[in-house]
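Per-chain numbering from 1; labels A, B and C assigned in written order.
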Amino acid sequence: MDLGISALNYVSSIKNGEFTVEEFTSKSLERISQVDEKLHAFLRVNDLAIKNAREIDTKIKSNQNVGKCYGMPISVKDNMCIEGSKTTCASKVLENFIAPYTSTVISKLNSEDAIIIGKTNMDEFAMGLSTEYSAYGPSRNPWNIDYVPGGSSGGSGVSVSANECIASLGSDTGGSIRNPASFCSVVGLKPTYGLVSRYGLVSYANSIEQIGPMTKTVEDSAFLLNIISGIDSNDNTTIDNKNQDYLRDIDIGVSGKKIGIVTEMTNSEGLSAEVANATNDAVKTFEKLGANCEHVSLQMVPYTVAAYYTITSTEAGSNLARYDNIRYGYEFDSSGFEFNSYISQARSKFGPEVIRRMILGGFVPSAGHAGKYFLKALKVKSKLIAEINHVFEKFDFLISPTVPIQPFKFGEKIQDPVSFMMIDFNTVTANLTGIPAISVPYKITNGLPIGIQIMANRLEEHSLLQTAYALEKTVDLPEVPV
Amino acid sequence: MKSLVTEEEISNVAKLMKIDLEDHTAHIKRVQKMLEYFDILDNANVESEEITVQETDLDKLRDDKHNPYDKNLLKFLKSYQGKYVKAPKLN
Amino acid sequence: MTKIGLEIHCQLTKLESKLFCPCKADYREFEPNTNICPVCMGIPGSLPLLNKNAVEKATLIAMALDCKTPNKIAFFRKNYFYPDLPKNFQITQLNAYGNTSIGWEGKISVEDKEIKIRRIQLEEDPGRLIYEGATEKTKLTLVDYNRAGTPLVEIVTEPDFETPHQVREFLNILSDLLENLNVSDPGLEGAMRADANVSIEGGSKVEIKNIGSFHDLEKAVHFEITRQQSLAERKIEIIQETRHWDEGRKITVSARTKEEEAEYRYHLEADIPWVRIDDNTKNQLQVHMPESISSKKERYVSKYGITSQVAGILSSDRYFSELFEKANNETNAKDIANMITTDIMGLLDTREKREMSKLEGDHISDLVEYIKSNKITRASAKLALDEVIKNGKQLSEIIEDLDLGHVSDEATLSDIITEVLDEEVKAVEDAKQNPDIVNFLVGKVMQKTHGKADPELTLTLLKKNLGL
């Protein structure tokens, strides 16, 4: 039984009777107990997993209808609500929060008989890009445990990469799926804004974030997207994708496609030598596959990081206001306190990065400063959208390295706020414009992963996955050393 | 045009956002640096831009029906004497 | 010149559900914290779901107040911390990116004065706070979130009012209008609240909040004008500030100065897309809008010949004007109108009584018919009304049951008259001196017949008997 198996191969193996759901689940739990003390991908493991597995095995044996997932173990980032379960967002402020309802995406997985094997570690409230800001300790990169796994969906990336589970659901606000996908050498997809329901996703920046799959293969991402996407009456921002099948014709190839290499994202000054190399290689690969590659400039890209942080800190400042520890939160008796001083003390339990974003979020949209910061950022967003629309009139896809650098060591980037923010340089564009973007594992250099990012126009996941599949098929990567 | 935001301003914002900063010097320098970086937005030349928004139609909205929530939500909350939510006194 | 402006908050109590979730819009019957769900409680991960009918009803209000309405509406967040706000922000409307609130620049007439409406917006009500005790020892605020998320329409006027009386009149007119539109029950406790702003010539604007009733509003405005005038006379500056109405002492007290203006960090509510309201929708709403009060009044006067006063009373009450429409058949309109305004309104003066009432339009037209054809006296009619309201039976049945039939045959009546004359010896004497005393005797006859005696015939017979 190979725990490194893809989701689709898992399903055929179960159908062929090669192993049972309980056997695979049991082995996965064993794997978790072996490696997770070191890797810390998980905050909580589901102690009902074996019970769920047995139930699904029973269904299979008695020829009942079984959901598409056939009991595959899937991990979920700890910012998605599951009824009766803790959902902490890796924060002390939600230490005791038990969700009273289940996210739409998880309900969908449950009705397809997936097994939610556990909740994964993340940067606190999804603010970060290395999982170093988790209040419960960082996760470690399975390719080299002295290095960060990326973030904010770091735990998700690690759990898939280290074969602790078959796939994971992460969330992406500025690169939080794609960045750890690149750093951990797994596939990570951020869908078009509105394609996947956010009902149950604890909001950080609700105008741009999306839930998405993190998987071992591109096909697996298509498989999961089929399950989790679609209009939801519990989320007014969802779009009807008319039940698209993202697996259909996924191997069609890229012959004749026009691919734009985003100049501002592939500027050699911003990239590490290894990443620049890998990118050039990828371009050549695409050309060999029959695509036409050409440089294209997106002039607004240099302003996107500033615009992103301005907009997200404003929204975060508002979305996190509800955490005053009055209705839910953590143990802290309010007796004897006055309202304002109680909530100010309760909220001082936020981690340092969250506190900084709260301060920024109070500042940039305030009456005296909104014109200079927040409103300008919204306008940058608009102009960027217009640029992207224009560019997609000529090109089918855009590519860049997912992250300008390879994984870094713990503590290395956390000191300087500006160079820290710059790690998001290539990924925030897709969030600000709402377009879909995927990171495909491309290379391992010096033992550390490099991913290539492909972007397509809004609602073009189907062709985006085809292109990602084509690239993936040219790559033969080593196994994770853990 | 560099704008250095003062320690006092940042302290006031922390109060606005209801976060007690016992020792805020650690955060202040970092926030100042981030805000300084945001000055780059001034060079974006976007004065005449309109904002872009998502739109929907009236008929896509929720129908006006009373549908009581089927679970006892109060037991998931920090409630007081089983009926109310307890909050600290107001000034 | 005194300038007064109002900010009225009106709950859309005629809706079934809250503004952003399917909990009940009218929370009044519920035990604390039992009309809540993850959305209105702002549980992490929950998302607001806009109520279509709320948008329609709010647009109706905007149209009825002659406002301009947008082609797209948007929602914003007003961020501040308070225990009655589950999310610590309120979803409301603003006109930050063009006109995106439900209506603006409208007007309404109050006693020949035109009051301009600055804007109308749709927003959610917060929860309710209960203070356990008011001493230092009890340091508790208790919160009931049943009301959180209830749909509110905020109506902001220009400072066009000049007197407290105009303010009061306006509120009455507005109440009637909202009830007539079938969007709200202004009579429900807490359904309509208002704040005022007041400034006198050369003085700053002062806001008055925390006013419990419309009666208090008139008082508060009056007090504030007096207070400001007294300051002006003594050449003391009137500070721009917010004051609270102290119900106990009947004065306004300073709450906070404008300098400490809260910072709300307004920004778009991204969980609710901008909603397109096309002209077709607006036309449909206009076409199906309930007839306005002024139009009804005019119709009652011109078509049915009802007096202006009666028409005014009838048209401004939705419940009774509906009853009138059902009861009248063109020929008896005047009588129906009179019966409703004279007798029925007094009997059904509360919401509870109206809800329990079994009175239908047919009952009223029957009653009017019976009175006209002398089958029943006016006095008996009142008793009959009481019965009908209770059990809704047919009028003929009630008249039989209670024996309310007209006593109009001379023989029976003469006997009763003889009885009365025997009993009321003194009155009979007095009547010979003072003819008006006959009415007293008519009254006695009516008493004996339980109101069934034909009053005219009784009078005639009595006079004959007394030789008057």
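To be clear about the criterion, contacts are C-beta pairs under 8 Å (C-beta built on N, C-alpha and C of every residue); 3 or more make two chains touch, one makes a residue touch a chain.
Computed from a predicted structure; not experimentally measured.
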Subject >> Nearest-to-centre chain - CA centroid comparison >> reply: B
Original post:
If you count the C-beta pairs in contact for each pair of chains, which pair comes out on top?
Top reply: A-B
Original post:
Whole-Å distance, chain A centre to chain C centre, using C-alpha means?
Top reply: 54
Subject >> Rounded Å distance, chain B centre to chain C centre (Cα mean) >> reply: 39
Original post:
So how far apart, in whole Å, are chain A and chain B when each is placed at the average of its C-alpha atoms?
Top reply: 23
**OP:** Could you check chain B for residues that touch two or more other chains and list them?
**Re:** 16, 18, 50-51, 54, 56, 61-62, 73, 76-77, 85-90
**OP:** At least two other chains touched by the same residue of chain A: list those residues.
**Re:** 99-101, 233, 236-237, 317, 321, 324, 326-328, 337-340, 343, 361-362, 366
**OP:** Name the residues of chain C that each touch 2 or more other chains.
**Re:** 38, 41, 43, 49-50, 81, 83, 139, 141, 143, 263, 268, 270, 273
Subject >> chain B - residues contacting chain C, complex >> reply: 16, 18, 50-51, 53-59, 61-69, 73-74, 76-77, 79-80, 83-90
Original post:
Where on chain B is chain A touching in the complex?
Top reply: 3, 5, 9-10, 13-22, 26-27, 30-31, 33-35, 37-38, 40-44, 46-47, 49-52, 54, 56, 61-62, 71, 73, 76-78, 85-91
Subject >> Residue numbers on chain A that touch chain C, as the complex places them >> reply: 79-81, 87, 89, 94, 97, 99-101, 103, 198-203, 206-207, 233-237, 314-315, 317-318, 321-322, 324, 326-328, 335-340, 343, 361-362, 365-367, 374
Original post:
Which bits of chain C are touching chain A when the two form their complex?
Top reply: 38, 41-50, 77, 79, 81, 83, 86-89, 139, 141, 143, 263, 265-268, 270-273
**OP:** Report the residues of chain A in contact with chain B in the complex, numbered from low to high.
**Re:** 98-101, 194, 233, 236-237, 300, 302-303, 305-307, 309-310, 317, 321, 324, 326-329, 334, 337-345, 347-348, 350, 352, 355-356, 358-364, 366, 372-373, 376-383, 385, 416-418, 421
